[in-house]
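Please go over the structures that come below.
In the two assemblies presented below, chain A is common to both, partnered first by chain B and then by chain C.
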Partner chain A sequence: MMENKSNGNGQKEWQPKIVAFFCNWCTYTAADSAGVSRIKYAPNIRIIRVMCSGRVDPQFILDSFAKGADGVLIGGCHPGDCHYQEGNYKCLRRFRLLQRVINSFGIEPERLRLEWISASEADRVRVVVNEMVNQVKALGPLALPQKYEELKKEIEHHPVTSEIKEE
Partner chain B sequence: MAEKPKVAMYWCASCGGCEESVVDLAEDILFVVENVDIIFWPVAMDFKRSDVEKFADGEILVSMINGAIRSSEQYEMAQLLRKKSKIMIAYGACSHMGGIPSLANEFRKELIQNYVYSEAPTVSNPDETRPQPILKENGREVELPVLWETVRALDQVVDVDYYIPGCPPTPKILKNALVTLLSGNLPPKGTVLSPDVALCDECPRKDTKPTDLQFKEFKRPHLVEIDPELCFLAQGLICMGPATRSGCEALCIGGNMPCSGCFGPTSRVRDHGAKFLSSIASSVDAKTEPEIDEILNGIPDPVGTFYRYGLAKSTLHRRLNL
Partner chain C sequence: MTNQGNNKDIRIGFYICHCGTNIASTVDVQKVVEFASKLPKVVVSRDYKYMCSDPGQELIQKDIKELGLNRIVVAACSPFLHEKTFRNASSQAGLNQFYFQMVNTREQNSWVHLDPYASTEKAIDLVRAAIYRVVYHKPLEQKRVPIHPDVLVVGGGIAGIHAALTLANAGKKVYLVEREPSIGGHMAMFDKTFPTLDCAACILTPKMTAVKNHPNITLWTYSEVIGVDGYVGNFKVKVRRKPRYINEDLCIGCLDCIEACVYKEGRFYDEFNLGLSKRKPVYIPFPQAVPLLVVIDPETCIQFKSGKCKQTCVEVCEPNAIDFTQKERIEEIEVGTIIIATGFQTFDPKKIPYYGYGTYPNVYTALEVERLINASGPTQGQIVLRDGTRPKSIAIIHCVGSRDKNTNQWCSRVCCLYSIKLAHLLKERTEAEIYNFYIDIRTPGKMMDEFFIRMKEEGIKFIRGRVADIYPDTSNGCCGKLVVKAEDTLVGEIIKVPVDMVVLSIGLEPRADAQEIRRMFNITCSTEGFYIERHPKLAPVNTFTDGIFLAGCCQGPKDIPDTVAQAGAAAAEALTLIDTGYIEIEPNTAFVLEDDCSGCKSCIPLCPYTAISFLEDKKKAFINEVLCKGCGTCVAACPSGSIVQNLFEDEEIFSEIVGVLNYTYHEEEV
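What follows is the complex of A and B.
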């Protein structure tokens, strides 16, 4: 699942997986427009359309990380422009607290990003996605599923031998 | 007279409060003694592991394990009791979700041991002694349990049939659970034996909860005088009630303390802490980042607050990249 990082000798470069939650009214429309306008950007994001950035439950974000995402990007309407008046503000407040929480769990806050991109800002989608992909590439793989597998090993290890090996 | 069903009770990483909760049954304990045979309960009665090993597989009707699992010995006992029992119950918050001990998942084992065995102000350990898995004394070799890196809930190591929530479970919850189990009319596997609605539903302050909460600041219970009638959230105090399963009869609320979430989430919620974070944060009364942060800084330890009883069972389980 996780490819090796390139060391410049023709090996396949590791590609981050980024889950993107884009709101229907602004950022998703911008991404759609970016596609129609044939704007090229890094192919590392998997876009999930939600009706509003306020619909992005923190459980979705934690689930994305736990199931193997290296980064999560949320896109919503600019402040004051929310189709539902307040949704993007709710998202911003959750985002600020959630960044502190994921940091406590050992996940770099840069892996979670929130951007306001209006329907007319197709090129901004390109800029933000490329920036984020580069940032996450620099951080390297998060690889939580593999780390959870690694953690499980202590359960089955013979108690005595495992401790001696550690020392 | 037909033989009474056999019940075992065991403790793992716990404080003893769950054992206490059995005694809290008061005269109802007679109901227990009348209806079941307690065949293993190390806290109160002198039985050994070898006594459990003598039972046939499935001969014990119910095993209730309290406490989280964080050592090789606790794991072995959980496996043994699972094998010998028809029904395995995770008893209390630690066994159910990891509980307070699972807050250790925010740290590395080494860090915890260094503090406990060296750095704590009350400890003097000039030889830097640490627990060893093998002890040799007078030519004998003794094997000691190994502490795990990660604290786990019971169902993360063995198959669990039912959960009795609470820190500790209340006598009423325990008695209802026993009556249900003895009736033979068993609920679906995996059921948490407590009502599947939020605590607000049975809260005596329900009527004072604002429909549209707005937090201008977060207060901490030990720093303010708390109004004994008004909804805690309306007072700017963090109360996990809206995200927590009911069944405790709002005991803490009755003691003028906000809910800290020991009964865990309802069945519709997968991550207790994240769901509560979502609800609390969205009601912060600010629209710019600096203002939002200033208010949210009133929650100094979000993980310890939102995942106080459930870090082991949270989506992310523990701190990684240690």
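What follows is the complex of A and C.
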């Protein structure tokens, strides 16, 4: 179940949660440098560090959505600048495929974003995160865990589906 | 219930740092502590003002010993800053250092958000993720990589020269690679240096000669690095040695061939004098060049262009050193560490058309004036304009291509001081009236401001105002003077000063090919193109790539004293690695779970380091740990999930996802 978003302050607008996978050498460093420069951006992002955007397993993304993320952001080095030569290209391939896959699952492709942000582009972190947060806010909650919950109940109380299941 | 793994004896200690007020003023530290204390397997949850301080580290160590902790999570600054500190603290208390996880709560949280509530929520999510993750951590051994003792220094300016000599004097073998035919760099072009006014050549040429004569230095000029492979301790470098068309072993530097060339006078752009003089197709860059070897320029030499030259140079060369058939050579060397000292280029003032450089012959760049003043320059040190007359009034325009939104935003740091120096030298030689147009005078550093005050007392004029226009004086049928128009911001008036000569104090820029060089060495540079140091204060000569160090202006504009200091620091960093003999690197390599591998070979072509091979007998993939650099691309691609990356295992990342999203499983799903 998703955490109840209501808080001690009473009514607060719904805030999307965005899981980000940032590569160690470029985008994670850029995010650090944004901090050093005291650049301010939306607090909705939860950064998970990986060594390379090539490490981002499609399962990480699907799992993030399935477990309640409203958006997933991947940050890697610019083409040609990968610390591991070409991991970012591998990431790009998977990203293209994944966009189609999530679309067929009924997840808007805009909820998944891939950005090349080099270590020096601290301000780009701000721009991308803010853009993404606004975009996902406009789309509204994805809330897959709750949807699965409802789906499960439906299956349990639907004899036809259980017959099909038994076949 | 959350999925916490199956190890029942896990005892986690959680610590959050206030970092003074850096974290505590935005993140509700107490709330995080309280939250963490309630998470499963957390034995102790504490906060402390400065976790990185000795008492902070001792707090962790005491808890490890007294409470039997076997996992540590610290929420503090970026892991880039203090992960090592806390890993060391843990390992000193007897815990494997990789049973540690850090939560970036400063750079990526308290410093970038304003809302304390949201910031605290974020901290809680990330702390949860780290605590879930650390459960899966494995005790790992750090890999030790041996360091090849030889060093490559790229760039033979003062930075490269000083770094090479420092290393060579310490008994290390150094390859010094310089693109131009001679070492010396920009410093060799200068006349005098501020603030001491000692002549650049007098202090530089002894060092240049020392490089050439040093038994530990292999000097390759007219050469370029074209490929770099490998990693810290074991770089394989390819160097292209361009043909000089002179046999280096035979040429004795008598320069008879230059005299004998069929061109009786120099006809071609002289690179060293910035075109203020002409050279022949066979030439030396400057009289003090090291090595003192002639170069034949195939672009201008008749023999290369038509094949029908009388070859008077060949006739006169007694040692028979001229070789028109010489081809470029590729040398391959192995080194353990690399120092990048590729320097800078000067701003091209043609980008500011209203200053008239290239249009009005009496507008010069500061570097051209350095050559004019220099006794071995194109005019033997005479300050004369292109028409041969001596200027009676000179304007020096500061900040050309610096501190300007339209060109380069940074302060080039040396221009104020070299402008003041040039003002002094020009006044000394010409007794002209000198006007400095400046935005601000920036003269930090030892003896620098004193130098400025002294020069001001000499009667050099300083006008505060950015120059808006430079145009020919056409009043009263006048005289070829240039009018410098600016607002004197101290008086609040537009002033127009007619002068004979304009000197543009051009700023320092990254080299045009900085990006290509950066890619080749796998280091990072800022958007403008200066290479980025690992930490601006605490690792100023290191790069993000282990074993590669920076020196001089390739890292940012700086003067000669700072360049030399940095070159010494880079040499010391290289020495530290060489004398330790090895470096410990992150054990984040991947390995194959043989039982699960289906032998599909999907991973093999993905590896950029050809670390993965196929064991034909077992029909399984195999990862060579020595070659693996730990990117994890193969792990993400394996369809059967049978490749594991240390420190970034699937379980570790999945548990982080669960943690940041606060996802809870239902009973039936477990």
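Quick note on the criterion: the second predicted complex is superposed on the first by the 144 of 167 C-alpha atoms of A that agree within 3 Å, B and C clash if a C-alpha of one lies under 4 Å from a C-alpha of the other, contacts with A are read in each partner's own complex, and residues count from 1 in each chain.
Rule of thumb we're sticking to: a residue touches a chain if its C-beta (ideal position, glycine included) is under 8 Å from a C-beta of that chain, and two chains touch if they have at least 3 such contacts.
Quick caveat: nothing in here was measured; it's all calculated off a predicted structure.
By the touch criterion defined above, A:38 reaches chain C but does not reach chain B. Looking at the shared chain after the overlay, A:51 reaches chain C, while chain B stays out of its contact range. By the touch criterion defined above, A:63 lies against chain B and chain C together after alignment on the C-alpha atoms of chain A. When the two complexes are overlaid, the chain among chain B and chain C that reaches more residues of chain A is C. Touch criterion met: A:97 reaches chain B, while chain C stays clear of it. Shared interface residues of chain A (contacting chain B in one complex, chain C in the other): 54, 57-59, 63, 90, 94. Across the complex, chain C meets chain A through its residues 78-80, 104, 106-109, 111-115, 117-119, 121-122, 125-126, 129, 519, 522, 524-527, 532, 544-545, 588, 606, 608, 629-633, 635-637, 645, 648, 650, 653-654, 656-658, 660-664. By the touch criterion given at the top, residues 54, 57-59, 61-63, 65-66, 79, 89-90, 92-94, 96-98, 100-102, 104-107, 144, 147-148, 151, 154-155, 159-160, 162-164 of chain A touch chain B in their complex. Remark: chain B residues 72, 75, 106, 133-134, 143, 145-146, 148-150, 152, 157, 269-271, 273-275, 277-278, 280-282, 284, 286-287, 289, 292-293, 296, 299, 302-303, 306, 314-322 touch chain A in the complex. Looking at the complex, you find that chain A touches chain C at residues 1-3, 7, 9, 15, 17, 19, 25-26, 29, 31-36, 38-41, 43-44, 46-52, 54-60, 63-64, 67-69, 80-81, 83-87, 90, 94, 118-121, 126, 145.
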